[in-house]
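Below are structures written as structure tokens.
Two complexes are shown next, each including chain A; its partner changes from chain B in the first to chain C in the second.
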Partner chain A sequence: MKFLEVRPQAVDRGQVSRKQKIGRLRPSALFPWILDGLAYLYILAGLLVFIMPFGVTLWYSLLTRGKSPKLTLANYRYVFGSFVDSLLLSSKVSAVTVLLNLLIVIPAAYALVCYEFKGKKFILTLLNVPLYSPAIILGIGLILIYHFTYGLYNSFLGLCFGMIVGTFPLMLLPVMVALKDLDTVYEEAALCLGAGPLYTFFKVTLPLMGPGISAGIILNFVIVWNEFLVTLFIAGPDYITAPLKVYNQILWFGYQNTTAALAATLQIISFLALILYFKLFGSRFLKGRFF
Partner chain B sequence: MASVKLVNVSKRYGDTVAVDRVSLDVENGEFITLLGPSGCGKTTTLRMIAGLVEPSEGEIYFGDKLMNAVPVNQRNIGFVFQSHALFPHMTVRDNLAFGLKARKFPKHEIEKRIEEVLHLVEMAGFEGRKPHQLSGGQQQRISLARVLVGDPTVLLFDEPLSSLDFNLRNTLKFQIKELQRRTRKTAIYVTHDQSEAFAISDRIVVMDRGRIQQIGTQLDIYLRPQTPVVANFIGSHNCFRGLLTEVDAESGLGILDCEGWSIKVRIPEASPSAAMQSFERRQVLAYLRPEDIEVLEHPGEERHLNCFQGRIQQVIFEGSTLRVQVEVAGRILQTEVSGKKRLSFFGKEGLSLYVGFSELTLIWE
Partner chain C sequence: MRPGAPNIKRQLVPCLLLLPAVTVTVLFLVLPLFYLVMMSFTEGSSFFFEQRFTLENYRELFSRYQMVLRTTVFLAFASALVDLLLGYPFAYFLQTRFPYKDLARALMVFPLFGGLYLAFGLYYLFLPKGVLSPVLEKLGIPVLALLYSKTSVVLGMAILTFPFMVANIMTALQNIDPILKEAALCLGASRFRIFFRVTLPLTRSGMVAGFLMCFGWNLGAYEIPLFLGSQAEQQVVSIKMYQQALVMSNYGLSAALGMMIMVLSFSVTYLSLRFSKGALA
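Right after this comes the complex of A and B.
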């Protein structure tokens, strides 16, 4: 018995690629330089407007106080000295929220995608209510409940629960999409090979949902990390997260360079999370080479 | 190893019947193919045998054991999917070890079996690769290995080759047959490709619209189709509908009247001569295989029951054979010419010639 070595498939070189086609039709072929230059100018101007608020904060955070400001990193040293409690609290809240959300979302998504039951659509709609209701409404609702019922106001757990209620659907949707897109053939193959349902779930289904789950984690993290309005309502005086700190600082002391540094730190960490996500998952996932 | 038996197995989805009272006996070590057009219920039948689909009624036995209530993962089957279904996040080794680990085999046993099975499919040295680093044929071979490594009682194939290119399909189908012969496992193979079915099966089950149309060997199916569906599905036959007249019990010959065109036909030997007369005036479908028509340059040769004059409409060169469409009495006959002779007809559209034929397959309506 001999297996034939597989020959690589021939590549069709006769076709003109889309890029070439567009290149041929580009108007700038008629007015070289001028149209190209204008196009870049337009894009840059748009970007400038878009980036300016972040740029200004970043610039301001790198200056010393006073009449003749100089470039310095002292503000950041101050942030990691005096504001470190807020940053740590924000990290803890984000981590705990993401973790608890995961524990709720994965079984929920599995049930919503894989099983048929009465009232499924209704439940799904209810679960998504936080997605399209304003944060202020959620905040007011939570503060009423916390004060009068659970006594969760001004507590770490209360803060996390508030975040979970607000961000749960953001995690649920990508995980559900990942499950829906997952070909059932892998689970069937696992069952046929003699694996039980639980073994199949943990060894096959869950790892293959990886891209969806990680998208959910990043989205969830960035939202919770920067959440301000709901926190303002339910956090209480002992639990000042970093965004809340920024707000308080501005409220009491005006716009200081150190506050700008704290805001910039928040921004940079969100940005790094997104970069990390795209580096780790984005490009490979898009190419179908996730694993 | 075990035989597989289906007794009146049906599957209904709401009002639609996907599989309709299918009964089937597959002997131990037999290679059986479910053949039929898409939507005929062959895949559903296979999935019911695997336990992936629950039958609406009927019983499925492996050997003497009733399997209806046994969950998929305890049936000890090997299912090869159309898409190879290798776990994309695992290496070849982990894919092969998956079922064994789930069934708690000892480590040294797993290692030994993986090595053996990779040797069997001639893929040794690929243990560390991920599925996307393999070519289509290699992926399908690994998925075959993954199934064999667990030593299943029954092998089930769901069109495993349909996503591969022509050459690869040809080599792999013989390898599958060879592997099955060597491992002596009962195999049930689903395909819509009759040449695939003919190449590898011991017996073929032709299905259509959820029902079994005919069970038999390649020759049974090809030469003696029992229903119009089978005849139409197998090969590109010429088909005439007509009325049987002038049955001669002595010679076993009759005349088929197809709207004014008379063809002499031989009534199947199996029919008792006493019953011959009763065939008269009956509606009959007559199938004529292209290769059973001889294209002649001169008329009047005695060896054919029928000989007609015609004109060549179209000639299609297919390599080893030449497909010639001949217009006879206002109908188009598909004929096939092979051997040296085929070359003399190439490009001869419009040529006047004769066709002779004797062998027709009759199906009573």
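Right after this comes the complex of A and C.
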């Protein structure tokens, strides 16, 4: 049977014809190509479905009202005109929430990663419960306790704390990951050179945790910026954040192009923040978590 | 210090460091949830004045509001099913054949910004004379019946939770040892056989975890049924809760409705965490 074997050298030298090398063209050889094409189409269609709701919002936000709509930027004048209070409030709430989250999360992460103590697993579970409780439950529980016990209903502080409790676990995760990945030699070196523990923490550990902390900040910002359901419950009439403004506008005035402009602006800002996140950190601090 | 005495300082430092986080969690999560449980057993809004304990709320929940519970579970279940059926091929192709994963991931964050913007966008898409209507008409989909129907609500919810399903299944696919596929290939199995006998069974846990996650997430859906549903679809627990608490001031019933969501979604989350095996931290 030896004469049937085709030696590779023989192919290179052109002694064996190309047809002999490939053999008959089987129809099934085409099959992977068709399958690949279908797979591409399927994925592109899926991605189209994801961006279409945003795309159509953007499109309507660029049109004038009336029978024959024309392209215009006038709707965005409303966003930075009559809606600007909501945008400013949203930014303020996001900033305060992120800041307070940092103050809460950094010590907690440090304790959870660097110390051994009893009940650590329980504490970790407790701190992660907000992540798994639906926003509606958080909202209803908070409004009841705000109304009758804390007196925080319709107040800026109440709004911020409602956001904090729902979002600080999301900050905890990247900061803990950053701290775990950090080699202890730097801290040891600082301590050996005579720096105190506090000095070591602020001059060595904290700067080295920087990427994890900024990852947490961006994630947190996006969540708080878009938080709607908890806000709906706990924000009183004086504190209308931007997503709540979108909701109110739809309920009171229907689907207006100006509201579309506000919604598009909010989504663009969130999207840019997330793009920044992926550019800077990839998915290093997510550990399998999507988003 | 005597040897063997508990080192107070060593225990004190982590406790102090954890204090703010634990305080916030207890004050703004554990206590409210405790209030919710207590409130569901008191009549009307009597909890804060003179408490009258009763089981009336739960009786009403399972009689008058049975339909609401059923609608909520049905919508969440249907959307999770749609997610699973459409999400598995999506995750599989994305994992095995699509080179631009970063692009896909960047575009997939849009539904995660929240149901509000999604409902807003889908309203424009489903509008009878909207942007999409000529395409839909060509495809033979009844455009007039699309908005304010079960279909639109289920589709909206499915799009909202689609990324969770894809993430779960992709993690499961990544965790498959390639040696198993190679072994099957060497033993002469065809591609279809490998898929159905090796890949699919090995990603079962990811499918279950994704399904449960989508289901649990959609139990608390508020904006999508409100904006895309008709009267029938608006009979979901979260909308009823909002009405009972903030419009009717009937806190007892609202809390009982919340308890149902809480029990369902915590058990679903627990199960999905068991199944996902750390896929989602």
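Heads up, the rule we're going with is that the second predicted complex is superposed on the first by the 234 of 291 C-alpha atoms of A that agree within 3 Å, B and C clash if a C-alpha of one lies under 4 Å from a C-alpha of the other, contacts with A are read in each partner's own complex, and residues count from 1 in each chain.
Just so we're on the same page, a residue touches a chain if its C-beta (ideal position, glycine included) is under 8 Å from a C-beta of that chain, and two chains touch if they have at least 3 such contacts.
Predicted model, so just to flag it, every value in this text is computed and none were measured.
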Next item on the list: For A:D85, select first, second, both or neither according to whether it touches chain B, chain C, the two together, or no partner.
Entry: neither
Check: After superposition on the shared chain, which partner residues are touched by A:D181: those of chain B (first), chain C (second), both, or neither?
Finding: neither
Notebook entry, point to check: Is chain A touched at more residues by chain B or by chain C?
Noted result: C
Margin query: Looking at A:G194 after the superposition, I want to know if it touches chain B, chain C, both of them or none. Which is it: first, second, both, neither?
Written below: first
Next item on the list: Return first, second, both or neither, reflecting whether A:L208 touches chain B, chain C, both chains, or no partner chain.
Entry: first
Notebook entry, point to check: Which parts of chain A are in contact with chain B and also with chain C?
Noted result: 288-291
Check: Which residues, counting only chain A, touch chain B once they are in their complex?
Finding: 1-4, 6, 8-9, 183, 185-186, 188-197, 199, 203-204, 207-208, 210, 288-291
Next item on the list: Under the touch definition given earlier, write down the residues of chain A that touch chain C in their complex.
Entry: 36, 39-40, 42-43, 46-47, 49-57, 59-60, 103-105, 107-108, 110-112, 115, 117-118, 123, 126-127, 129-130, 132-138, 140-145, 148-149, 161-162, 164-165, 168, 172-173, 222, 226-229, 232-233, 243, 246-247, 250, 255, 259-260, 263, 266-267, 270-271, 274-275, 278, 287-291
Margin query: Residue numbers of chain C touching chain A in their complex, please.
Written below: 10-11, 13-18, 20-22, 24-25, 28-33, 35-36, 39, 47-48, 86, 89-90, 93-94, 96-98, 102-118, 120-125, 130-132, 159, 162-164, 166-167, 171, 216-217, 219-220, 222-223, 227, 238, 241-242, 245-246, 251, 254-255, 258, 261-262, 265-266, 269, 278-281
Next item on the list: Note which residues of chain B are touching chain A in the complex, please.
Entry: 50, 52, 71-74, 76-79, 81, 83, 85, 87-89, 98-99, 102-103, 121-123, 130, 132, 135-138, 141, 146-147, 150, 165, 167-168, 171, 175, 178-179, 182
